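Common to both upcoming complexes is subunit A, partnered first by subunit B, then by subunit C.
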Partner chain A sequence: MTTVRTTGRWRGIVAVALLAVAVGILLDRPTVLLLGIVGAGFAAYPRLSGPPTVELELERRLDNRHPRRGEHVTVTAHLTNVGERTLADVRIVDGVPPMLTVSSGNPRHAAVLRPGQTTTFTYTLDADHGHHTFDPATVIVRDVTGAHEVETTVSAAGELHCTETVPEVPLRRQTDNFAGQLTTDSGGNGTEFHTVREYNRGDSIRRIDSKRWAKTGELTTIEFREERRSSVLLLVDAREPAYRSASESDPNAVAHSIAAAEQLLGALEDAQNRVGLAAFGREFCWERPGSGTEHMTRVRRLLTSHPTLSSTPSKPDEDGDLEGQREQLYARLDASTQVVVLSPLTDEWILQTIRRLEAGGNATTVISPDVTADGTLGRRLARLERTNRLHALRQADVPVVDWDPQAALGTVLLNEGRRRRTA
Partner chain B sequence: MSTAVSHRPTPLSSALALVLAAGVALLLAGSPTQRLAVIGTAVGVAVVVTAARLPAPAAMPEKVTVRKRAIPTAGIGASEVTALGAGIVVLSLLHGFLTLTGGVGWARLGPGVLGVVLLGLGLRPVRDHLARRFVSAGLAALVVGVVLVGIFERADPGTLLVAATGAIIAWDVAEHGISLGEQLRTDADTTSVELLHAGASAGFGALLVLGATVLFENGATELPLVVLLGLVVAAVVSMAALYR
Partner chain C sequence: MSAADLRNLVSVAGHGTRGLRRAGWYLLVGVGLVVFVVVAAAAVSGAAGALPVDGLVALAGNDYFLLGTFGTLALGIVVVMLVRRAAGRVSQAAPPDPETIRDASRPGDELDAYLGSLAISNPRASSDAFQERLRIAAEQAMIRTEQIPREAACERVATGEWTDDQVVAAFLGEERHSTPTLHREASLALRGERWGQHEVRTAAKAVVDRFEQASESDRR
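Now for the complex of A and B:
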């Protein structure tokens, strides 16, 4: 998208010329008349050049594409004039990802560019969790007189992944029948001792307690805790009400949820669980729980590119048929799948959904990024309402992780896991 | 006061414009006393413009107690320096105008210093949307000053031409700085663009002064016709520029 416009900044100079000519003629002062030449000359100055032809190339280099949260990422941008004319006044504003803040340096720069010349500018971003894509840079090029201006955008690749690893995901004891890493309370094959029971015909000879047999002649079988795998669906609430943020400069709750989903995905994959992804919002996003590299790649791609899972807030009427989306979820969900809901809990609708999931036999855990803020009455009310919803869910025996996005999700989940084990 | 201003003109262009405007006012000033007044005004205006860019004093106590009376000192850095600058301007003007004799002196000093002050108010700026207005008003004052000197003093045409050109370039540089400040903020590196722009305008201005002087030297002895002819051409060009 390129706009060419005239700034008209020299237009007022005509008045200087006219004043000088008028005074010079009326009062018979040739020297004052002479000033009219200067005025007229400057009035005609913009006619000497036309709108510049803009051919620019931008390249961004990031010193770290996979930073940890809070780390500084230095962005070095190189802007090259690939045209054949000198550009006298190039102004560029780089397309910093909307969720990131510039901590030092300046993403705005100006330069004179001869053909083939490159200008470089550097700035530092504070990494925040999530997947961030740079927007095209806005470029304004003026001719040397400043009378003509071309505004355009220059794109360049630029992506930043900031994912932290989550050491463990507080899953609930709902498993499918495949071997995995979730330790269950039922005895069987495994590594951790569970019980000793009477020998049944057909028990493996390796599990017979040989010491006891030698001592008493009694046949007993040792049971181990069975380690099963669970099937987990990550459900992201990306409806319009979920796009809330503590302040305008802070990332919204959906951005936090997406970042959290990305982290959980890694941890669940490491623990050999079957993982699926669903999201409510602009349209229903669905990938059924599965495992394997190919499946995980598909889920990751959905997380970064599905239109519903965008960190740009949606407009109030942009959400699709939410009731339909909810019904689709219930219909597609397997009875043995547990659900991890990522939602800021901003309204009752998501609460109903969670309750029905739980009632339908799908063990549900809620991870809720807290984006409420202090200040106005409305804000305090929103915070109170959210606290009430958290309580309501806990009353219904749905574990809720109240996550302040300032803290690392991994730490919050570790504390949660510890709390659950001691409870 | 500073809440009404979200971006300021770039420092280099502001400084250049102020120096140029002060130069024009100096060219117009007639006596050493007047020149002193112009220099004082320019220095005061420069202090006022710089004061707006001072960083907020972080280590400043919230109030100072003098004889059991608490005096708040919040934001004292910028406003005190502004007051200092304004004081210098007022003193210089008083000194300049109180020693004036006759109307011609007023014409030589008044519009020039007014132009410098107005330009400074635009470069500080007092309000975002008023920046360009003030800079244009500064240009108008300087041009009126040049014309008045031309009317009353029958001054040397070279001086008048250089003064008028200088006033226009001061305005051009200031406006360029304002637009850069709006789009890129003052902390971006814009030096090369500013220098090239100012250089190109100054070069073109020098050509115009040279051309007009040559025209005047050849025609002014007995025939102002050549000048008139040049003016007709100028008028045509002006019209072309006006109705493009």
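Now for the complex of A and C:
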């Protein structure tokens, strides 16, 4: 969007010029008279010249598009005047991704640009988990006198993926009949040892326990834990109450949830599970569970571009009809689909939703980024309420992963898996 | 006349006033330029004597009065323009601040905002909104920390037996609200607090102080 303004910076200069001219004539002082002419020039120039014509191109280069969390990423931006006129005063503010902070350098730059000339500036970002897209840069161009101003945006490609791997997704034992990663208690095809049984005619020769046969001459067949495929829906809580952060320098819980959903999506895809995506918030976001490259591309596109899945906090009245969204979810969910809810659990509404999902037969797991803070009475109460909600869900046999976003999600899920296996 | 007609009329009148002002401005600049060009041409061509200076001096009284008249007029215009300049603002873009994360509020900030607010239009309605939340927090914390069934926790909160504070017991219990004495309400008002805020603050503090310690050990 482009806005053209008359700044009014030289308002009153005509009167000053006239006064200087009058004083110059009356006192017979040519230098004072000349001052008046300069003032008249400032007054006349904007009326004769009009606002500048802005034609700019921006190119953004990142030294690392796939950094690890906490690594520095150097951004080099090149701004070129592709128009035919000199731009006397160009100011640019680069569109740094909303959930990243600038650690050094400056994303603001100013220059004079002749036709075809390029100016370059560099700054460094601290990488944080998630998929980050650069916003268009804001450019402000003024004429020589500053009386006219053109404010516009210049887009340039720029994406940064900081995704850590998740080795294990805490799925529950609810499967469809296709082969996949979820290990079951029944023997069959898989990779994890389950049991040894007597050989039956037709068993694969590769599954015969050759050591036992060599030692005792007895033919036995090794059974592995059968691995089946799950149908999983990743449900992101992106309502206004979920846009909360632990401090002003930390990303909000929705940004953490979106980053976690990306990581889980990769892990579930690798394990050949059917994956879908839903979100509550500005509007209902829905993609039914499925598999295949096209489907996964569609889900990834939703994660990065759906208006509900924006990491920029929404306003209190910006959420859509949440009851309607919840009913849509219940209506569209298949009974065999299990749900992984990503929510900071900041209110009772999401708790009721999870309880109803579980009661409706959809095995539900909660991954909850902890963004509670300390200090004031309100914050202490919010922390107590979240602890209550975690407990209430666990009492209802809903597995909950209490995730401190400072820790890598993969590590937290591995620890949770170990804890469940030993429990 | 409908509201829309009235708005249209005001809009047309506004456009008319702006148009008149602009026409006046162009007229003033035009007259000034003509006078300037005539005077400059006369001075350059040596025909300064043709200007009606003597007549103007006679009209004013003497040279100084004529000078004073022009000077006063010029100063008047300058003062008017400077006042307009001071009252008006430079209209220019406000660039975004991309250096830091777009901030979101902390969980619980809405309660702090309510307790810290001096101007609440309907304190009773606002405190009702927090009442249910605090009651649920107290009941769930009791279930979690004391391992009692939901019904027992609800009963304890309803009767107020879990706390020694009468205000908290009444606020979260069946009574819902207690009525303060005039003296109590006046002393709260002197501290800039309404009775509804006091009830919420006292109840929240009681719930947090009672169950926070157990929450920390649960988290660990």
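Criterion: the second predicted complex is superposed on the first by the 320 of 423 C-alpha atoms of A that agree within 3 Å, B and C clash if a C-alpha of one lies under 4 Å from a C-alpha of the other, contacts with A are read in each partner's own complex, and residues count from 1 in each chain.
Assume a contact is a pair of C-beta atoms (placed from the backbone, for glycine too) under 8 Å apart; a residue touches a chain by one contact, two chains touch by 3 or more.
Keep in mind it's a predicted model, so treat the numbers as computed, not measured.
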Touching partner for A:Arg108 - first (subunit B), second (subunit C), both, neither: both
Subunit B versus subunit C as contact partner of A:Ile208, first or second or both or neither: neither
Which of subunit B and subunit C A:Leu33 touches, first, second, both or neither: first
Touched partner set for A:Leu62, first subunit B, second subunit C, both or neither: neither
Which of subunit B and subunit C A:Ala17 touches, first, second, both or neither: first
Comparison of subunit B and subunit C by subunit A residues contacted: C
Partner chain(s) touched by A:Ala396 [first = subunit B, second = subunit C, both, neither]: neither
Partner chain(s) touched by A:Arg9 [first = subunit B, second = subunit C, both, neither]: both
Which superposed partner A:Val93 touches (first subunit B, second subunit C, both, neither): both
Subunit B versus subunit C as contact partner of A:Thr145, first or second or both or neither: first
Common interface residues of subunit A - those touching subunit B in one complex and subunit C in the other: 7, 9, 11-12, 14-16, 18-19, 21, 23, 91, 93, 108, 140
Touching residues on subunit B, where the partner in the complex is subunit A: 136, 139-140, 143-144, 146-147, 150-151, 154-155, 157, 160-161, 164-165, 168, 172, 175-176, 179-180, 183-185, 187-190, 192-193, 196-197, 200-201, 204-205, 207-209, 211-212, 215-216, 220, 224, 227-228, 230-231, 233-235, 237-238, 240-242, 244
Residues of subunit C defined as touching subunit A within the complex: 29, 32, 36, 39, 67, 70-71, 74-75, 77-78, 80-82, 84-85, 88-93, 95-96, 98-113, 115, 133-134, 136-137, 140-141, 143-144, 201, 204-205, 207-208, 211-212, 215, 218-219
Contact set on subunit A toward subunit B in their complex: 7, 9-21, 23-24, 27, 29-48, 88-91, 93, 106, 108-112, 121, 140, 144-146
Contact set on subunit A toward subunit C in their complex: 3, 5-9, 11-12, 14-16, 18-19, 21-23, 25-26, 91, 93-96, 98-102, 107-108, 135, 138, 140, 149, 151, 243-252, 311-313, 344, 346, 348, 371-373, 376-389, 391-392, 402
